[in-house]
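Below, each structure is written out as C-alpha cells.
Common to both upcoming complexes is chain A, partnered first by chain B, then by chain C.
Here is the complex of A and B:
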C-alpha cells in the first residue's frame, strides 16, 4: 500500500543524477495567505478565493479551505495543483481508515502528522509540494491547530497563518486572540486580519471564504467581500505642497 | 512595472488616469500614491515602472520647463515637455526603467498625449496606456475607444479602464485618480472602490460576515 508517492522515484542520490529526476521548480497558479484560530467551539479559518497566475489575478473563486474526514479542516496556500493532489492523498487516507470499519476515525493530530511526513519526504527528494498548509480540527472535545510548510517545518499553536499572514496577521492575533473566543468575536478577528491583507498583499483578492470545524462537523460560509476604507484626507491629494514628485 | 496608467484625448483637452498602488515585491508600500505628477500648470505626466526613476525624471523636466517658460515668456507646449522627458529617457536608457505618459493642453495644438515607453521612444497618440495593468486593456480599448468623445465620456472611459485593470493586475490597485486638463484649467478627481462598478466574480462588499448571517431577508445571489 503505497500511500506516499505516486511518481516513480529514482533512488540514486548522486548530484549528477538529480537533474535527471523531476523536480518542481516554481509554482504557477498560487493561493495567498490562510489564517486559522482556535475559538470556543473549535477552529475558525479564513482564506481568500484568489488563484493568481504570476501577477495576474486569474481565478477568483478558488476554494482553499476543505474538510478532511469528520474532524478536520485543511487550508492551503501556494500551488493549487499541488493542493488538489494533497486532497487526493487525503481522500485515499480517509478511505483506508473507513475501510477498517472499527468505529475509530482519524483525528486532526493524525492527519497533521501524515501531511508533515508527505511534505518532508517530498522535500528530501527535491520535488516539494509547493504549499503551506493549515490543518485544524476537534475530536472528543480536544481542539487542534497546526501548520506544515513545503519544506516540512511543522508546529501547532492557538493561531497560525501562512505567507503574508505570518507578517501581517500574526502580530494582530498575538495581541487580540484569547482563549474561548465566541464565534462572533472569532469572525471579527479574522476579518480584521483579512482586511489588512487586502490592503497590503498584492496577491489578495476581495472575496473571502470562512469555514469552521466543531465537534458537530464542518461548515463553510458563503463567499463574501469586505468593505475597504479610502477616505482619509491624506489620501485625497497626497502631493499637494510636496517638494518634487513625492 | 507595477501600475496602470492611461492618457486619453477628447474634443477640448485630455484626461489622465492612474491607479494608486506602489509595491516593493509583493508588499504594498503605499496604497494611495499619486502617480499623476505636475510638470507645469498645463502639462502633467503619468508615471509607471521604477518609482525612483520616474520621480527623478519628473523633477529634472519640471526644473528645465520652469526655466524654459521664463525664457519663452509663455506657457510651454505639451510637445516640448514630452521631448524633454524623451531626451532624459533615451540618453539614459541603460540605467532607467520607467514608462511615462505625458499629457496636457496648449493654445497651439489643444489637448495632446505622448507615450514614452522604455528606451525613450516618443509617440504621439490619441490615447495611450502603460504599466503592467495595461496588458489587460488592449482589447478593451480596441473596442471602446472612439474619436471625438466629450469630457465626461472620456473620464468615464478612463475610470472604467483603470478599474478593469485593477481587477486583474496584482500590481495595480487602490483608488482611481484622474486629472482633466483643458483650456479652462486642471481638475483632479478621486474614485474609491465603492464608486466603481463590480466586475466578473466580484461581490458586493459588506462590513462583516455577521451582518450577512443576521440579515432577515436573504440577499439575492449573483454570479
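Here is the complex of A and C:
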C-alpha cells in the first residue's frame, strides 16, 4: 500500500523537486565559529554553545567540541545534525580501528584525511554535510591541527578557525600566536578572539566551551560566560556628528 | 602424501579432521624455489633463489614491492603470487589515499590471511598455491610475516620457504638470536649465507638470486646486481663457516642437480651476467 502511495505522490512532483528532496539544500540548526590553536602541550579549541535556528538563538547548550578516539578532538560549525552524523561515522571508524587490537591506532592526521574524503565525496554528489570542521590532536609527541570545509577544502596550520572566526579571530592570532604558548596564555588568546566574535557575530551566544587535547588525552572545561562591556564612549550618542541622522 | 577419497574438494573434511586440498596447496609452496626473510629492529631483508629455466629465458619475478614500506617474496605458484601482490598494492594505495598514512603491515597481513581463508571454504574455489613472506614497517618497528595458503599467518624473526629451505632454516636457527640488534649489512650477509645453504654446493651468483631490503628511513627496494655481487664477494672473503666451503677463485662446475642441463657450464668465478638479465 505504502509503495503505491509514494509513487502517486512522486508523480505529482517535478523531477527537479524529487531530486531536491533527496539532497541538502540549506542548513537548519547551525553552530557558529570554532577556533583552534596549537600550544605547548597540544591543541586548544574554543566554540560557543549556541545552536541557531535561522536568526533565532534557539539552543544554548550545544556541545560543538567532541573527542575522537584517543588522540583527536573535533570541533564543528554549521548544521548540527550533520555534525552528529559525522560523529557517528567517526565512532564506527574508531570502533573498527580498536577492533584490530594490534597496537596501531588512527592518529589526528589519519582522521583529518578520512574526514576530507567524506566531505569531498559528499560534495561531489551535490549532497554535502553542511559543516566546517576543525580537527586537532597529538600523537607520539607530534601536534596536528587541520580544518575541512563542506566542499572538501582542507589544510593544516598552527591556528585555524571556521566561519566568522576566519575574518575576526585569525588576524588576532596571526599577530599574537607564537610557538609554545602556555595553557593559560592559550586560553587568554582564545578568549580574546571569542570576545570579538561575541560582540560582532549575530549568531554568537555568551556561553563558551574550551577543550584541549594533549598526549595524555582529551579534557573539556565547564562552560562559562565572558565579561562584556557596553559603555565604550565611542558608542555613546553614536549619531552625534552624523549629518542627517537621528 | 597419497591420494584418498577425501581430497577432491576443499570443502570435504577427512575423518581425521584434515582438509587435504589445503595441505596439497602447502605442498605447492614447498616445490617452489627458495625464499628467505630476516629482520632486525629496524630493517627487514628478503632474498630469493631466482634461476631461469633455460639460458634463453628471463627470471621469474619473485619479490614485489607493495608500497614504500612493504614488500613481499613468494614461493610456489608465482601466478597466484602476482595476483596477491596486486591485491596488496591496491590495499596499500587505497589506505594511503584515505588516511594519508602507510597501511600498517600487520593489518595487511590479516587481510591477506582472510582472503586466503575464503578459498578454503568455498566449493567453487581452490586455495592459493603460494606462500608469502611479507616484510614491512609500522609504528612498532620492522616486521616479517609468513602467509600460508591455509589462511594462517605467523610473525617471524627469520624464516625460509620453498625447496631446500630446511637447510636455510638450520642456518638461521643458529644465528637468529642476534638478528634483532644486527646492522643492515650483517642482516644482508646472513640472508646471503642462508640463501647459499639452499643451493647445496652450487655457486651463489648475483644472477641467480634477488635481494630486497626495507628499513626505517629506507624505502623497500630490490638491490641491483652490482650491489648483490659485491656482497657475495665479501662473503667469500669473510669465510664464515657454512656447510659448503668455496674457494674464491676456484671454478667449481655445478654438480649434477635437479636443474635442467642448460644450466651447466658456467664461466669461471666472475660475476656471471645471465642471458636476458632484465
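One rule holds for everything that comes next: the second predicted complex is superposed on the first by the 221 of 246 C-alpha atoms of A that agree within 3 Å, B and C clash if a C-alpha of one lies under 4 Å from a C-alpha of the other, contacts with A are read in each partner's own complex, and residues count from 1 in each chain.
Rule of thumb we're sticking to: a contact is a pair of C-beta atoms (placed from the backbone, for glycine too) under 8 Å apart; a residue touches a chain by one contact, two chains touch by 3 or more.
Values in this document were obtained by computation on a predicted structure and should not be read as measured data.
By the touch criterion stated above, A:188 is placed in contact with chain B alone, chain C being left untouched. Contact comparison for chain A: of chain B and chain C, B touches the greater number of residues. In the superposition on chain A, no contact is made by A:88 with either chain B or chain C.
By the touch criterion stated above, A:203 is placed in contact with chain B alone, chain C being left untouched. Using the contact criterion defined above for the overlaid structures, shared-chain residue A:174 touches neither chain B nor chain C, since it reaches no partner. By the touch criterion defined above, A:110 lies against chain C but remains apart from chain B after alignment on the C-alpha atoms of chain A.
Of the two partner chains, chain B is the only one touched by A:237; chain C is not. By the touch criterion stated above, A:164 is placed in contact with chain B alone, chain C being left untouched.
In the superposed pair of complexes, A:23 makes contact with neither chain B nor chain C.
No residue of chain A contacts both chain B in one complex and chain C in the other. Those residues of chain C whose C-beta lies close enough to touch chain A in the complex are 97-101, 104, 106-107, 110, 138-140.
On chain A, the positions that touch chain C within their shared complex are 100, 102-104, 106-107, 109-110, 112-114, 117, 140. Contacts from chain B toward chain A in the complex involve residues 2, 20-21, 23, 26-28, 31-34, 37, 47, 51, 54-56, 58-59, 62, 132, 136, 167-171, 173-175, 188, 190, 192-194, 200-210, 212-213. Taken together, the chain A residues at the contact with chain B in this complex read 52, 55-58, 60-61, 164, 184, 187-188, 191, 199-203, 206-208, 210, 221-228, 230-232, 234-239, 244-246.
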